[in-house]
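Right after this note come the structures.
The two complexes that follow have chain A in common; it is paired with chain B in the first and with chain C in the second.
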Partner chain A sequence: MLRSILSDDMPRSRWLAIALLAILVGLAFAPFLFPGAKSLNVAARICVFIVLAASFDLLLGYTGIVSFAHTMFFGIGAYGVAIALTRLGPGWAAVGIGIVAGLALAIALAVLIGLFSLRLRTIFFAMITLAVASAVLILASQLSAITGGEDGLNYRLPMALRPSFRPFDGFTGRLLDYYLVFFVSLALVLALLRIVNSPFGSVLMAIRENPFRAEAIGYRTVIYRTLASCIAAATATLAGALLALWSSQTSPDTTLSFDIMVDILLMVVIGGMGTMYGPVIGAVLLVLAQNYLQALVGDRWLLWLGVAFILCVYFFPTGIVGRLRRR
Partner chain B sequence: MRGRRTTDMLETQSLTIRFGGHAAVDGVTCAFQPGTLTSIVGPNGAGKTTYFNLISGQLPATSGKVRLNGEDITGWPAPRRTRAGLGRAFQLTNLFPNLSALENVRLAVQVRSGHGMGRALDLFSRTTTHRELIDKAREHLAAVSLSDRADAIAATLPHGDQRKLEVAILLALEPDIFMFDEPTAGMSIDEVPTILDIIAAIKARSDKTILLVEHKMDVVRSLSDRIVVLHQGRLVADGKPAAVINSDIVREAYLGGAADV
Partner chain C sequence: MKRDLLPLLLIPLLAAAAFPLVGSSASWVTLTVAGLAMGLMIFVMASGLTLTFGLMDVLNFGHGAFIAVGAFVAASVMLALGTWMQVDSLWLNLAAFLPAVLAAMAVSGVLGFAFERVIVRPVYGQHLKQILVTTGGLIVAEQLLKVVWGPDQITLTRPTALRGAILLGDIAIEKYRILAVIVGLVVFAALALTLNRTRIGLLIRAGVENGEMVEALGYRIRRLFVGVFVVGSALAGLGGAMWGLYQETITAGIGGQVIVLVFIVIIIGGLGSVGGCFVGALLVGLTANYIGFLAPKVALGSNILLMALILLWRPQGLYPVAKR
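Now for the complex of A and B:
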């Protein structure tokens, strides 16, 4: 049963298993273990960023694709829901339309970028994704009639997700919203875990290891790379939609900025590339550090965060998960 | 499955590739029949590996044609040629370095499973549940006597074992045409027989076409039904081993080529 849920990809390290279990329990009971608006907000953001980082690992760690356009898909998902809720009013139909439109645009862009440029060398592909992502960021800031420009959009969530929704005592729309984010995130991460452990996933790793030989034994690498890009893009889009449904506010800074791209990269590298559990650990650590480090170490928290990253990458080149699994 | 003809399985017609002004393979016309092991020999730089690359699709031909069972495959990309039955082992070891030996072979088995892309487009089943692919991969590892190294990471294997793994991947592709590019290069003397026995076993099945690039003349002499000599990109001799090895043109090509090395 557990093997099936985890797709036979067991943690293979006692400490990793304990850490993952702690994260699962912590997030599942966050509203009760860590009461308060701020800690619930942090927990929801952790869920969203776990999905985002895990989907980036599918590209970077499993397929060996270096893309800087991952936040673009995250933003498309968030803006899809945000624009639909702004224009069509706060209903579930609007949420559905926003998600479907966001997915369609994201997948179309991923296919386009993939077919045109995945044949290129890694570095050129990375540059193209950077260019496309920059263009979308500028577009989102400039098309203020649709996107709200730099300020972004503020919108009302469907009735059932509002804090004021209280069907019975001790239960609010906020709680329902949190569990929506939690369970969708959990399902997406388990789905990604299944994909990387499927026959398809094994081809992705072959392509990462030696694309020339993967072609020579009969795999059309461009098809697999494009498909992997589409899956990663779609997952990032859903993560963006979750964030939009959680925060009722979407702006370039919170969804499209390159700061977020760097964060995702760090989460995957620190946690351990190509492990799927690594991004989970990385996302938890980074989101916690961003929210609580200032209170712990004072105003120079960014400096200490930087030092911690350098030490981490220096001492654990294969990431935390790689280190834990070594013995 | 694939239609098998009694006629020439694989042929090249005036096959040529130019790098700048230099023709690395120059108008080579040659046909290879099932049940025949043809050795391709020639001095270093004669174009043997380049000729292989043109046949298996790693390089695009400048002119000329490659035909497989009568069909023109010159424009086909390498993966399609492999799925059509052209299997290739590489001269320089060319593995998936950070995957296990078993996984290296299983990936090749996976290509041949099912139809078209086989199981490879299956996103939602677990690789570990496809026992038949894993068992088959183990059989191929056993054939090259690597069973005890199945879980070893490919990059950590000694050179000789990596060469054996290379051959196991080729076996797993179950091709109609086997292309071996110096399969025993860099192997220790006691490991060579393992590879030669495998080639002899494939040959004994008599419906397979085997192309072999090899430098060791004793290997070539004992295994080949036919020898083709390339020199400066051109086909300069073609015939029975004994006749070709003793011909003047081969002596000249080898002696002339040796000076270039």
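Now for the complex of A and C:
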């Protein structure tokens, strides 16, 4: 049962299993274990960033390509929902339209960028995605008629997700919203786990290890890489939609900025590339650090994480999870 | 070898195409000079990056750190020499500007040396790790800048003699842009002379074409590379100093903002080619200024469009480097 849910990719380390279980239980019962608006917000952000980082790991860890446009897809998802809710009013139809439109745009862009640059080398793809992402960031902050510019959009959520919605005592729309975020995130992470442990995932890893050989065996690497980048883009879009549904406010800073791109990189590399559990651990650590570490070590916490990042790439390329699994 | 002049023709072609769109000849001249100045500043920053890539197949995503360091060091020196900057004398102003720029180059160069040692050297030949580790270097460097110079932005005023514009009839040309054009052309001339007329330049060009062969002939390509890396970092510092004065405000994120333009330029030019980088930088600078005037909201999108068009025409960039 558990094996099939986890797609036969067991934690394979006692400490990792304990950590993952603690994260699962902590997030599942967050509203009761850690009461208060701030901690619930942190828990929801952890869920969203786990999905975002996990989808990035599909590219970085499994396929071996670096994209700097991952936040672009995240932003497209968030803005899709935000714009639909602003224009069409707070209803579920608007949410649906926003998500579908976001997914369509994201996948179209991913295909376009992929076909344009994935037949070339890793470095080329990284540079082109960086350029495209920065153009989208500028566009989002300039086209204020549609996106609300630098300030972003503030909008009302569907009735059932508002804090004022109280179907019965002790249950609010906010709680419903949290569990929506939680279960969708859980489903997405399990789906990604399924994908990377499928034959398709094995081809991706083969391409990562040796693209020439994979091509020689008969797999069209361009197609597989483009498919992987589409799946990652679609998942990031859904993560963005979740964030928009949680925070009822979407701006370039919270969805598109390069700070978020840096965060995702840190999460995946420190947590562990090439396993789906790495991003989970990394996202939990980083979001907690952002929200609580600042008080402990001051404003320059990112400096230490950056140093940890470099050390990780040199000495622990498989990150925390790889370390834990080795024993 | 036949010279391929077609890409060079693009520059006057672009300027000519923009002329009827802009309308008045006065604004066209102003925009063209502004575009050339911007392009040359980007060229100064990008030249080192493209050479290190050509020579050792290393692309430094942390190149922006040198740009930022250059800007900050130059700003500090100029603020320290504040009185010389405020006097209305071109020579005293330059006496403050010159040490500032030299200090920026020196600090960036030393930093580049350390960066190459600590960050880049262990990851030769591994592109994925290179991208990750140099990005990590950029993160750390930006944070260190904030530690040293504080998190707030620094406002700079240009030296008195370089403020304002020269009026030729109804054509206004900002003085600082003229200086930027001069500095850029000097750097380009120096690079071109070194690469084409000296022994070191010959070795570098040979190394870009075929590094193994150069090694087989008994030259240490590693040393050559360290030298190019350091010079490239110093030039990034120079470009950063110029760019900081051009923008008149400096934040720790300055490197990250400019590096996008730098990447577009070296992709357009063809990774590894200095001549292509020069043409690409001018094209980017001119396009940015023309489009910024005609349709300000899409100025940065225009660079992406330019890049896409050029890659459709020549998928490896304007001057593809032979072996790759």
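Basically, the second predicted complex is superposed on the first by the 306 of 327 C-alpha atoms of A that agree within 3 Å, B and C clash if a C-alpha of one lies under 4 Å from a C-alpha of the other, contacts with A are read in each partner's own complex, and residues count from 1 in each chain.
The rule is simple: a contact is a pair of C-beta atoms (placed from the backbone, for glycine too) under 8 Å apart; a residue touches a chain by one contact, two chains touch by 3 or more.
What you see is a predicted model; the values in this text were computed from it and never measured.
Comparing chain B with chain C, the partner in contact with more residues of chain A is C.
Of the two partner chains, neither chain B nor chain C is touched by A:I18. Judged by the touch definition given at the top, the superposed model places A:L88 against neither chain B nor chain C.
In the superposition on chain A, A:V203 contacts chain B only, with no contact to chain C.
In the superposition on chain A, A:A216 contacts chain B only, with no contact to chain C. Using the contact criterion defined above for the overlaid structures, shared-chain residue A:A187 touches neither chain B nor chain C, since it reaches no partner.
By the document's definition of touching, of the two partners only chain C reaches A:L302; chain B does not. Legend: residue contacts after superposition of the two complexes on their common chain; A:A131 is shown touching chain C, with no touch to chain B.
Counting contacts by the rule stated earlier, no residue of chain A appears in both its interface with chain B and its interface with chain C. Note for the complex: chain A touches chain C at residues 60, 64, 66, 116, 121-124, 126-128, 130-132, 134-135, 138-139, 142-143, 258, 262, 265-266, 269, 299-300, 302-303, 305-307, 309-310, 313-314, 317. Across the interface of their complex, chain B is touched by residues 4, 7-8, 194-195, 197-203, 205-206, 209-210, 212-220, 224, 231 of chain A. Chain B contributes residues 56, 58, 77-80, 82-83, 88, 90, 94-99, 103, 106-108, 110-112, 117-128, 130, 169, 173 to its touches with chain A in the complex. By the touch criterion given at the top, residues 59, 61, 119, 122-123, 127-133, 135-137, 139-140, 143-144, 146-147, 151, 256, 259-260, 263-264, 267, 271, 297-301, 303-304, 307-308, 311 of chain C touch chain A in their complex.
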